[in-house]
Every structure is written in structure tokens, then in C-alpha cells.
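Before any comments, here is the structure.
Every chain is named by a letter (A, B, C and D) in the order it is written, and numbering of its residues begins at 1.
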């Protein structure tokens, strides 16, 4: 296990807090009818996602976030404005609002834009790493992606992870087991005890971690990333937690039993993290309050900025799904 | 482990021997240009397949054989003539030569006709069992299917096995790890030590067995089938062996290294089985010779019969992929 | 009291569960949650051992259904969105669709595909896949456009011995209302004149029937009487009804919400020109969505698929020949 | 000395590996074994770190390719048979095909699909899937019919920044021979007059070009001069060349080996009637395979797909109008 590094914890926490503040804002905007389409939040999953993003190296590693990775995105360097522009319909957004909400990315910056089909990003990240090996730039690189408990039931997840294992790629797959896939509980999704039991069958490293505990996440996810970086092949981390929001903001998650909410994993990782940071002397309450203010303003600005930008104009849209023009004469 | 039952061993062996004799004949017919399309043999895999077929109950269980399961088919009651008719182009065959070679089946007798896409029969068998549960006829039933080492890399295998585990179905999946998938060796197919290490991650029973050893196969596969029958959920058996033929008869398998052929798993399960039966007093040499003759004649007859039957006539063919006529008025 | 298109889908499933023991439902979040669109609301409570939440395994969902059908059951599989059936593509086109021709045993499964665009749904929750499935032999592909078709065609799909791809349009779910669920009951394989006319024929299906009718209403103000044919099922395609309409009007516009290359509109135009060339007074035309993924933003989306405006425009062009 | 269609595919890959570091090959049994059809024979020896055996994971094969393309590589993925691309369907149509429109970054992958029927191959080793992939926006679909097209179009496919579905016909692999590999080099997106004529136009592609030419040869004995247009790429479809031919002949027969509903022939007929209705002297016709899975037995197979006989018959009917 890596020793806990204060800078790491502070960075990870800052991404968690910024994500939470942003997502709370998105939720209000949704409820106020300002967002068309779905809003998917990472509430309760920030420690896992934020630690992963923080453990990655911007400009070197690659990271395919999924639907609950606002914290990881932030930690990996995605500007807030990418998020607000995408949700609020600004043509300046990275996807030019051709795609929406959590389907955004910056592939040229190592952060691909997810498609909806669960599991599909697993082989994609493998391919990015595979290419780096061929180009001779793989050394010390890591590629990471997150999936939910539900996504582990997809053929894509299985094929992709197995292929990465065969190719011995430095991939880290974090499975956020938040106990539900939309409304479907774990017992309708898999039949083993802990999904980490799958690691051995793929021949990859396996870790199980309390996803509500920043310290534990920092240490375990940090270790997994380190092992991958050292060339030990794919690493699978299973984080245990509870989704603290609905599946999307349209959903009240009424099917989540009170016992789960009241249970251990019902606790809020942000609150736990604050306790840990303060008690461990990594940050003071005052500092945290200052961050909160800083981020609230930053979020405000990103929202305001996106709101004043142009909506798309179908008459200006380039309706072309191909970059090539025909007849095609290679240059 | 179940105690070894002489009748079981004798039955399993008879299916093995019959399959071998039939397949040797198919190979000659192929080389003589009498068969169009591929010929795929189970040479070296008869102990595994034959024990599985023998452990199943005809008329009650279901069985989705794959490409190297002539022995299992025979043990499960498929008449030889189904095979020769299909390979030799007789319209009397179960598929009316609309489909060929190992793609034959008798779905109404519990033996579905495989499609080529590897892994696809796994959820299908799960579905047959699921239906039996709904109909109230599942009690004491088992559904079995075989796949190769290569097929474990398919999404279909993963999704199907996981679904069967979630539904706690009495399914037995036998993985014949014959070290190659066509020309591709295990180290390009998976990265774990023994594929049986996957069982735990699915929450299913796991067994590893020497696939060249009839006694071992009888006991381990028998046990797996028994556990499934008792309602213990899916069971996965990984049998270790070597494919003793090419991928198909068009392939000489030159890529299989001599060391593998000369190694432990290069031994012929039929020869081992004869030794075991004779030494254990389960059958005498003379009896085995008599079986050999009986089966050779039976194979001869099945070939001769199929060869004298009509080839398909495109003018008589019912070119319809649907059973319904339109406009459709339900009765 | 009015009922909606989704009510009809729900009620059909309830009636099927009640009347036929062989029917069961399998899909993601369809049991206690009642489905992403509530098409199975309350059914798991009423039929606790007949409605099941699936793991996120579309391929295995269809594999399981085919296996169950072999054993005599009549499963209804709900895809959460049609777009996710791309994962089940192999089991649908190669396992289910080939089974009858290969073995002589038909596979009575019904695959429900919540299809088509709605504002803000984007490239992966908006697709219209009827034209893909229709290309494969061995599948029946239905595309109900009315509340009573949503009901009766689902009932008939499940009764039918062959696999049916039931494309239900998400836009119609709550938008489309009727006085009662069980209106006119036409057989699958027969098209319907949704609106009679004499100057031109629009052949379409699913949500586009309503857009076409709105376009026709507009043109009526200028004295044009446009006939709208609702195909109801795109495979089989009731070419007789289409030809009879074109015989009356001499002009054909085929409209679909799917991508423009190939698909239903190409099949319609080809069949009509092959079999009814002499009936045509003008070149037959097509109008589909644009040849890009379905865009997320409502403003782009509205310009991506055919609308009453673009249909009217296409009709005016057709009428001017 | 003569070279075959498969030689051209092999040589194109060799040339690409030699000339462009970004090219690598990934597929089942393609490394030391050289591929099920030997299309990569010797390439792993020559380029040991650029040619890889894949696990049996079609979906992940394409996923990996797209990821590698994002990182600037130009992967060529060999499907062992086109039919198995049904497993990769989602990654092809939703991941690769949508990427450029969604993100502005094109995905230069080439997917080689050994396509089409051969005797004894049956329902799952015979499919022609060009019409399926062409339905999705964001894919280029090419269907070489000649040795030099097999070579040049594969080179160009890999050079192109967008995803290309390269449908190579298995029947042509060793049957089709030419004097040299690098004959005429036409651009992708331009059709070719395979055989000039003036009484009727056959529009086709891939192996059917040769069957159509044989049919045309037969009809020549009766004085009919049939023009055969080889589409070369089915998406984009070079409608200008097709229309120019129909303008000369007044008659159109579209021939394809794929299933009869929708697909390339429907797109061709629809485009021609939409844009060139006035050029037609007779109803345009289509000839495809039958609407069942591709049967295993050679005698059934030969009656399932179009042949010189059935094409001649369709042409005679067309000429009699």
C-alpha cells in the first residue's frame, strides 16, 4: 500500500467537493427545467472517482469516465465549462451539443467521450494503451475506466478486460458497486459474493475497497494505479458504496430500501472525507470552507458563461458524419 | 465425488468409441471429396463429451453440443444417421441440409442446433431451463453445454453464464481446454492459470479435470451434473486435454508444437479408457473388440443409407423463413 | 377518460399474462420498478413469477428467450432502448431468425424496442432500427402508430409463432391518446389508410404517420388531398395497399424517421417502382432523417428528422411535377 | 504468372505495414497462422510486433481498434467471417461510426469482412452485410470486385480518416485472377463501367459483377448489349455514374447477393427513380438472394443467390417491356 500523501488527499478532495457543488447545481437547473435530457450524478461516488482521477497523470495517462465520474473528470483536468456547456446546450461545448450530458469527452486529451452502451469503453481504453505500446510511449502510462455493478454483466466488459489481460496492458478498471443498476439490485445482477472475486479468473490484480472512505480509496486506488504503472498488467478495484441520488434526476430511487440508506454505505463520502482531512491535519475546516466558496463561484461562472453562449443553429450545422469527401483521392 | 459406476463407464466408453469410429469415417469421406463444407472432429475429446452425454437423462435434460461433441451427442441419443445425413447431403436429415455438419440438432428432443457464433448456446440452454422452471418441470433436470477455451473469450459466454448463475439454473458448462482455438494458443486467449478460476467470480461450482482420463471425467463430470441436479446452481467443469485433429479436416494443425503432442495431454483418451476398463474389470478386450465391430457396421450402414437418399431439390424447397402466413389472423 | 399508447402496451402485456401461461416478461428494471417507461407497471405484483429483472446482458436476454421458446414459452423481452438491441443483434438475427428455416421449429418471441427520437435523447437513445432487422430473413417487424395498434399488434405478435420485432415509438408513449385501447383490430401484414386523399400518397409508419397527417392537413388548406398510408408492419410490407393508393393518386412520398440509406423508404419506393411503375405520374420521393447520428440538442434533433414542415415541402415538390 | 484477389489483399496489407508505422493488424489466427484464408500469410514474420492474434472477442477487437485510432494508429481488423461481425455490431455502428460527428475526431479503422457465399458454407459463413453497415451514418462501405480494386481500395481504406467496412468476397479469393495486382486505380466513391452496353444497365458490386458479366455475355449472343456498372463502394454510392448509364440504356436491373429486403439494390433503385425517373423506359428491377438464411447444401445455395441464369432471365424480362 502506498503511504498516504497529503497533497494527494487534498487534490482528490478538492475534485470531490467541486464535483458535488457542480452536480448540486445541475440538479437544481434540471428541476428548474433548464436542462433537456437526463442528468446523471455521482453523488456518493466522489471519493472513488476523485481518487482515480487524481492518481492519473494528465497529458500522459488516459481515462474513460462513465456516468458518475464528475469528480474523476475534474481531477483529470476537464474544465467545468465542458460540463455546463454540454448540459446547457452551448455550441461551444466539446460535443457541440451533438451529444449531451455525460457523453462528453476530449479524446485528443486522453479522455474519450463515452457511448451509452455500458462496458463499451473497456476495450476502447485497452486500445488506447495498446497504441501507446506500439508507438513506444507506453512506459509509465496508465489507462483507467470506471463501470458500475450492472456494467459487469455486459459482454463488452468481459471481452475488453480479458483482452487487456492477454495484452498485459496497464489498465485500471474501477467497479463502483453502488448496489443498484438503475432499480436492479445486486442479487439480480451477479451471484458471487464480492465482484473482486472475478479478478483472479481474468488473471488481473484485484482490490476491494470501502468507497465511502477517502483514505481507503486513496490508498487502494493509488496502489492499483501504481501496480499498473509498474507494468503489472490490468488491475481491478471494486469499490463498495451506495448511490446517493436517483439513477438520474428524473428518478427518486424509491426502490432503494431504507435499510440501505440507513446502513453503513449510506454515509456521505464527502462528510467522511472532511472528518478525515481535518482529523488527520491534512486540511482545516476553514480551508475547506474557502474551497467551498471558491468552487461555488467557479460553478456559478461556468453556468453563467454557458448560459450566455449561443444555442446550436440547425442551418449552420455541418450535417456530415464523415470527414472525407468523395471521390476520395489519398494525398 | 460419486462412486464409479461400471454401467456408466461402459456406456460412456461405448459413446466414445462409436464417435471415434464415425469420425474416422467422416474424415475419410472428406478426404475422398464426398463431403462439401467443413468437417470438425472431437478426436481426443471423447472422454469429456461422452461422460457429459452419459450423465444426462434423455427426454428430460437438455444438451447443446458444440463442434467436438460427437460422443456426447451419441450418448444423449442422437442417431448416427442424423450425422451422416447432414454431412452427406441427404434431405432426410434433421436440418434438411439447410444447415450442415455440426450445426444439426433436434430441439424438440432437448438438443438444440448450434449456430456458429461461439458462446451463443450458453444463454440458450439457460433459457430452456428457465422455461422448465416456469412450466414446473425443472425438478431434477439439468441443462448442459460445451465450449472450448476460445469460446470463453466471448461476451455471449460471460453474459449467459452470469445470467444462469443469477437465475440459479441447473446448468453444467463444460469447457474443453484443448490448448488451442483454431491456431491460437491459450496465452493469446486468457491470462489466468486455469480457467476454473473463473467459477468463483460467477458464483458457480468449479471443477478441473484431466480430460484424457475416462475415470476422472466420469467422476468429476458426474459430480458436476449431480450437483446441478440437486439444485446447487450452475457448475463449470474445465477439462484439460489436447485437440488431436486439426481445427477441421482442412487443417493439419502444424502450429501445434511437437512438445504438446508428445506431452501428457497428447495421449489418446480412447486408449487410456480401454486400459482403465480392462484393468478395472469393467469390460474385457474381447467385449471392446466386439463393440468396435458392432459400431463399424453401424457406421457403415448409416453412411450407406445416407448416401442412397435424395439430395435436396431447389425446386421442391420451401423458401420460407417464417411459419406464419400474412395477413396474420390469430386462431 | 383517455388512454395512451403506453397504456395500450401495458394492458396488452397484462392481458397476455392473464390469458396465456406461456407468456413471461424479461428485461432490465421491468419487475418492481415497472420499466424505464412504466410499460410493465404493476405487472410483477400481479404476476410475481412471470416478470423478471434482467442483468444488463442484452445478448443473453435474447438467448434466454429463444431457449425458452424452444421449450414452448412465449417470452416478451423489453430492451430498455431499441439502441441497446445492438448488443443482442447476433442472437436476434442469427439465433432467433434462422431457427425456423434451419430446424422447422418456429421461435415465438417478441422483442419490444422502445424506438425513435425524443428531444434531448441523443445518438444512443433515439434510434429507429426497423430497417435493420427487416433485412434479415426470419423476422416480422411491426411498427404501431396508433393506440389500438399498439395493443392489438402486441397481442398478435405474441400469439404469432415467429419472432417479432415490435418497434414502439417513445415519442408516442404519452403524447398519443385515444378514447379506448381496443379500437380497430387489423391483422399484421395489412396496411391502413390513415387519411384518405387523391393527389398524392405518403407511405409511412410509426410516429411519422402523425407528422404526415399534420402535413396533409396543412396542404388541405391549399386544396390538396393527401392520402397517408400507415404500413403498420414494415416486414411483411403490404405492397397491395400501397399500390392501390398510388393507383389512386399517381404520386408517392415515402417517409421514415430512420437514417436515409436503404431502410423502409427504399424498400417501399423500390417495390412500387418495380410493381407499379405505370401508376406513377411523378418520380417517387423519399424523406428520412439526416445521415448523421441523432443529435442530442432539441434544436438539432428537430432538424434531423422529418417534420410536418419538411414533409409538406417534399409534398409540394412532388405535386409540382 | 497470375495473381489472385486474396494475393492483392495480402499484398496491400504488406505494403501498408511497410509504408506506414501507424498500421497494425489484429484478428483471430492472423499472426503465425496467416489467417483462416491466408490473407496475412507471412506478415507476422515480417512485422512481428504489428500483427496480432486476437482472443475470440469481436466486440473488443473493434473497441480496441477505435481506442488505438484515437491514439493515432490505423488498425486493420480481420473478422474471420463477415457473419461474426454481428458480435461487433455495437462497437462498429455506435462507437466507431458516431465518433467523428460526436467529437470531431475521425476514426481511421478498416474492418475486413470476408463476405458472401461459397458452396457448403451455410447460414453463418456466407452473409453479405454491406447493406446493414451502410444504413448507419459514419461508415464507408466498400465492395471490391476486381483484383486491383481489392488492392487499391484496401490501401485507400486505410489511408482514409474515416472507418471503412471492407467487404471482400470469399468466392473471389482464389477464383479471381489477374495479370498484375496494381491495375487501374479508381478513387473510392466512383463506380466503374465493368462492361459497356446500350440496351440495359445492371448495377451490382462484388462477386455479382462477374455473374452479371457472364449473363451479359449470354445475352450478347441474342444481340443485346448489356452495360454492367460495378458500384465498387456501396456507401457512398456513385449515383452519377449509375444515372449516366441508365440515361444511355433506359433500363435498370440492380443485382445483389444479400437478402432481398432493403439493402443496396433498394437504395440503387430508389435513388435512380427519385433522381432519374424520366430516364427510365421500363420499370426498374431488382434481383437479390432469397429471403431465407443462406442454405448449406450447394444445390440449395446455387438456387438461393443470383446466378448468370437468373440474371439473364431478369434481363430478358426487363428488355421485353
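FYI, a contact is a pair of C-beta atoms (placed from the backbone, for glycine too) under 8 Å apart; a residue touches a chain by one contact, two chains touch by 3 or more.
Here the structure is a predicted model, which is why all the values come from computation and not from measurement.
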item	value
Pair joined by the larger number of C-beta contacts - B-D, B-C	B-C
Most remote chain, CA-based centroid, reference being chain B	A
Where chain B and chain D are represented by their mean Cα positions, the distance between them in whole Å	36
Mean-CA-position distance for chain B and chain A (Å)	44
Intercentroid distance (Cα basis), chain C paired with chain B, Å	40
Cα-centroid distance, chain C relative to chain D, in whole angstrom	30
Overlap residues in chain C, where contacts from two or more other chains coincide	54-55, 57, 59, 83, 86-87, 90, 94, 97-98, 101-102, 123-124, 137-138, 290-293
In chain A, residues with contacts to at least two other chains	95, 98-99, 103, 115-117, 153-156, 159, 162-163, 166, 188-190, 320-321
Topology of the chain contact graph, where touching chains are joined (line, ring, star, complete, other)	complete
Interface residues, chain C side, partner chain A - complex	28-29, 32-33, 36, 52-57, 59, 81, 83-84, 86-87, 119-125, 290-293, 295-300, 302-304
List of chain A residues in touch with chain B within their complex	153-159, 162-163, 165-166, 168, 187-193, 195, 197-204, 233
Of chain C, residues touching chain B in the complex	24, 49-50, 54-55, 57-73, 75, 90-91, 94-95, 97-106, 137-138, 140, 155-156, 159-162, 186-190, 236, 238
In the complex with chain C, residue positions of chain A that touch it	36-38, 89, 95, 97-101, 103, 115-118, 150-151, 153-156, 181-184, 188-190, 255, 311-315, 317, 319-321
Interface residues, chain A side, partner chain D - complex	94-96, 98-99, 103, 105, 107-108, 112-113, 115-117, 120-132, 134-135, 155-156, 159-160, 162-163, 166, 320-324, 326-330
